[in-house]
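Note that chain A is present in both complexes that follow, paired respectively with chain B and with chain C.
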Partner chain A sequence: MAAVTETESVEKKKNRLMNSSEEEVAVEKPPVINPMSEDDSAGAAIPVGNSLSDQVMAAAISETGETEESEKKNLRLMSSDGKEVVVEAAVAMKSQLIRQMIEADCAGGSDVINIPNVTAAALSLIFRYCEKHLVDGDGDKAITDDLKSFDEDFISVDLDTLYDLLMGSNYLDVKGLLDLACQKVADLIKGKSPDEIRRIFNIEKDFSPEEEEEVNKENKWAFE
Partner chain B sequence: MAGQGGCCEIQRLPEECLCQAISMTTPRDACTSEAVSASFRAAATSDDVWRRFLPPDYAEILSRAVDPVESDSMKQLYSNLCDPILIDGGKMSFCVDRETGGKCFMVPARELYIVWGETPHYWTWRHHPESRFMRDYTAVDEIVWDKLIS
Partner chain C sequence: MLVSWAKFREDWSSSSDDDDDDEGPSPAKKYEQLGLADSLRRPYDYSDSCQELALILRRAYAKFPKSLQSIIFRDTLSAFRLLSQMDRFAACFCFDTPRGGKPNVELDIGIPAANLLVKAAEAALPKQKKTLASSKFKHSVIAQRRRGKVHQVEGYMDLPQDILLHVFRFLDIRSLVSASSVCWSWNTAAKDNMLWMSHYYIIFGRIDISIGKKSLFSDFVHDIGPNEGKELPINFDWRGAFKRIFTKQSVWRCRPHRAFCIHCESILWLSAITCGTPHRCPGNEKGRLNIKPISANMLRVVFGMPIYFLDIFLSLCVKMQAGLNSPRAWRSHHTPERFLELFPS
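Moving on, here comes the complex of A and B:
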């Protein structure tokens, strides 16, 4: 069972602070899962095997109540730029890709999961979103409003970061974040002329005059 | 936010992401997006985008059409449905609002229940030459609107 060392806790906090662009919002801690301890004081009858999958699944689905901070299960991910990112299992499994990899035990016996398409910076940001969204609004207006406010601030980023979030959430299959990022791009497109859209996204026009005329003719009503 | 990002960085987005973003705009925005670039055009004309602009139950409504609606793509289907079609054996017509994708149903006057509708003192039925409905008649004369029930 991997314990969270003091260094790792500090490291996690550092990552969060480095990527935080606004005041830290008090986040309700996710349910802290207690993998089975030797004296079975937690009372759960969930067998913990040796594979990463067994350990993480036990950690993710156990409801044995509170435990010490140091006993939360962490995952280690290797980013596309060769950096190791440590994240709580419950947070990481908001990614359907990671969840499926864990369930299918695709770590291949290793404790490190390779994420070849996403940088460490993007991973940290994505997991920050996931951690915040561990708490489901589910009819509670105060939580829903808080999440909405968080999302608005979270997605107010430069275009490069927006693309990283979009591609990262698409690859990792984090639906809520993908929808949020796509909506941001959509809001940049809405009500704009083609020239304005090109200016915003720094796109070069690659139509011939004939192609452009064909497009305008097909969509005449939209340009009226 | 305007003008940020490297040149053509948006081109590195997978087409499905651009499709999803465009599908979250409006039909008008999708059409203007086509004129941005070749990759925008490919995304903006995709079936994925225009299927989302159509009403969710478009297939069920089409199954009720008097005449089949032929289309090569979802975009063409959307455009075709912006002109009314007869459904339910001609008892109703249906079309899609071009700007919003909203459903528009038109009911012939004869399908309305009108209080005192058969009382010639208040209502008479006359055939309108431009009516789309086979047996439609336009109710005229003195009308008591607050009694009109559909």
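Moving on, here comes the complex of A and C:
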């Protein structure tokens, strides 16, 4: 029964981590949960080995809608700013990069996966998106509408965060989030003059006056 | 191909203003398909949406059933309400406290368009609604101006080429061309050949240059990824090809903001047609695209029509217009204007 209490406290800590994007992520050492020690609620006789990839695949196979006692393998990720982020395997697997790393079992000896290009804050935001989008909701209008309004709120952030989300989701290969962030940036560009675009994105105009005239002449056809 | 005008007119004059749903989609449904409630919320479509609403108010409102009238009134009020949120909107993100010493940006967005709308409202609406709309407009203008200048937020967006390309896939043509005037890296990305090839297909719906392999056509309706590039002839300038056809078609010169899909007979926003979000006909996702831009003149005519016939009329007009290459005699007899003469307003 000790295994159960450990699971619960890990769950609580994980929930706290998932909910805060600004706070420093606590460096936790979650116990390695051995699937064999749980009862059958984990989803029947899946023969599991003890390697990281096997444990993760076992957890990923089990349905996410199950009770708190069921198997949830956590992954530990080391962010670019040296903080460790703990996340549920099923959630992290939404990132194709992480999924491929797990499937190819290239975490090496340790349990910690290095994500050298993304900060901890960005990682937790990205995984918040992934967790919400675990449910697909094909055809179910209520779920798709709910996801849509979540997305709208989620992407209404300042430019710096948007940039982090863009770069992070590109690196981690989370398609839905990448498309969402790109659409948002595109909406900022649409219908604006080059001057206004430069103002919003703080971009230096690196054309010389002659080059600028050349470019404008080249583009006249779209605006006649 | 051409419907008998007499029959068409007979059908039109026999349709009454009741809310009878039996003969097809209700007027409210048809109006809903125009998507104005949503388009008003998009800053880049706000102006055009206000103009459309103004047209509808002036030319057709009086003939609509009461239920549709109240929906249109609701959208008009919504346009004014959105005006007061315009500056936050235009920059499209939430502001933190302003950082740094950048000069403030003055924005007076949407007021000219909303002005047009309020004048139409004053011309078309009954007294109470007119007063309400007027006062809502005035309050919104004051609210927007009182909010003051927009603070410049110091965002930093030095994006690598591959992400820029991904972002540009969600841009319509004009925005793509504007983007190429921003700086050199954006210029390179905005001129990407694959991007323009996609736009060529989405807008013109055909490849009239012999490329060779038929498989190219089926590839276009899916995501065009980098791997498809190997089938292209080297150095074929898609942007130049696009520009050639674009400049030849006079309809583009009047800056249309709407297009019509001939397959599914639906009215689309041109700003929404991008490589990342091309138009997919419901039920015909893999078919070849066939969309035509709608000129401002045609729009003006269309909004004077009974709303039941919006799409039928557009379909006929667009096909007529597309027949510009047909013999002179045909062209002079069958113009949208002549068609209109059959339906005195």
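By our rule, the second predicted complex is superposed on the first by the 169 of 224 C-alpha atoms of A that agree within 3 Å, B and C clash if a C-alpha of one lies under 4 Å from a C-alpha of the other, contacts with A are read in each partner's own complex, and residues count from 1 in each chain.
The rule is simple: a residue touches a chain if its C-beta (ideal position, glycine included) is under 8 Å from a C-beta of that chain, and two chains touch if they have at least 3 such contacts.
Since the structure is predicted, the reported quantities are computational estimates derived from the model, not experimental observations.
S.K.: Do chain B and chain C fit side by side on chain A in the superposed arrangement, or is it a clash?
M.R.: clash
S.K.: Determine, under the contact definition given at the top, whether A:215 touches first (chain B), second (chain C), both, or neither.
M.R.: In the superposition, A:215 contacts both chain B and chain C.
S.K.: Is A:178 contacted by the first partner chain B, the second partner chain C, both or neither?
M.R.: Both partners.
S.K.: Can you check which stretch of chain C gets into chain B in the overlay, out of 75-83, 111-119, 183-191 or 309-317?
M.R.: 183-191
S.K.: Common interface residues of chain A with chain B and chain C?
M.R.: 158-160, 163, 166-167, 170, 178-179, 182-183, 185-186, 188-194, 197-207, 212, 215-216, 218-219, 221-223
S.K.: Considering only the defined contacts, which chain C positions touch chain A in the complex?
M.R.: For chain C paired with chain A, touching residues are 42-45, 91-96, 105, 152-157, 159, 162-163, 166-175, 177-184, 186-187, 243, 246-247, 253, 271, 274, 276-277.
S.K.: Touching chain C in the complex: which residues of chain A?
M.R.: Touch residues, chain A against chain C: 156-160, 162-163, 166-167, 170, 178-179, 182-194, 197-207, 212, 215-216, 218-219, 221-224.
S.K.: In the complex of these two chains, what residues of chain B are touching chain A?
M.R.: Touching chain A from chain B are residues 1-14, 16-18, 20-22, 24-29, 31-38, 40-41, 98.
S.K.: In their shared complex, at which residues does chain A touch chain B?
M.R.: Residues in contact with chain B: 158-160, 163, 166-167, 170, 178-179, 182-183, 185-186, 188-194, 197-207, 212, 215-216, 218-219, 221-223.
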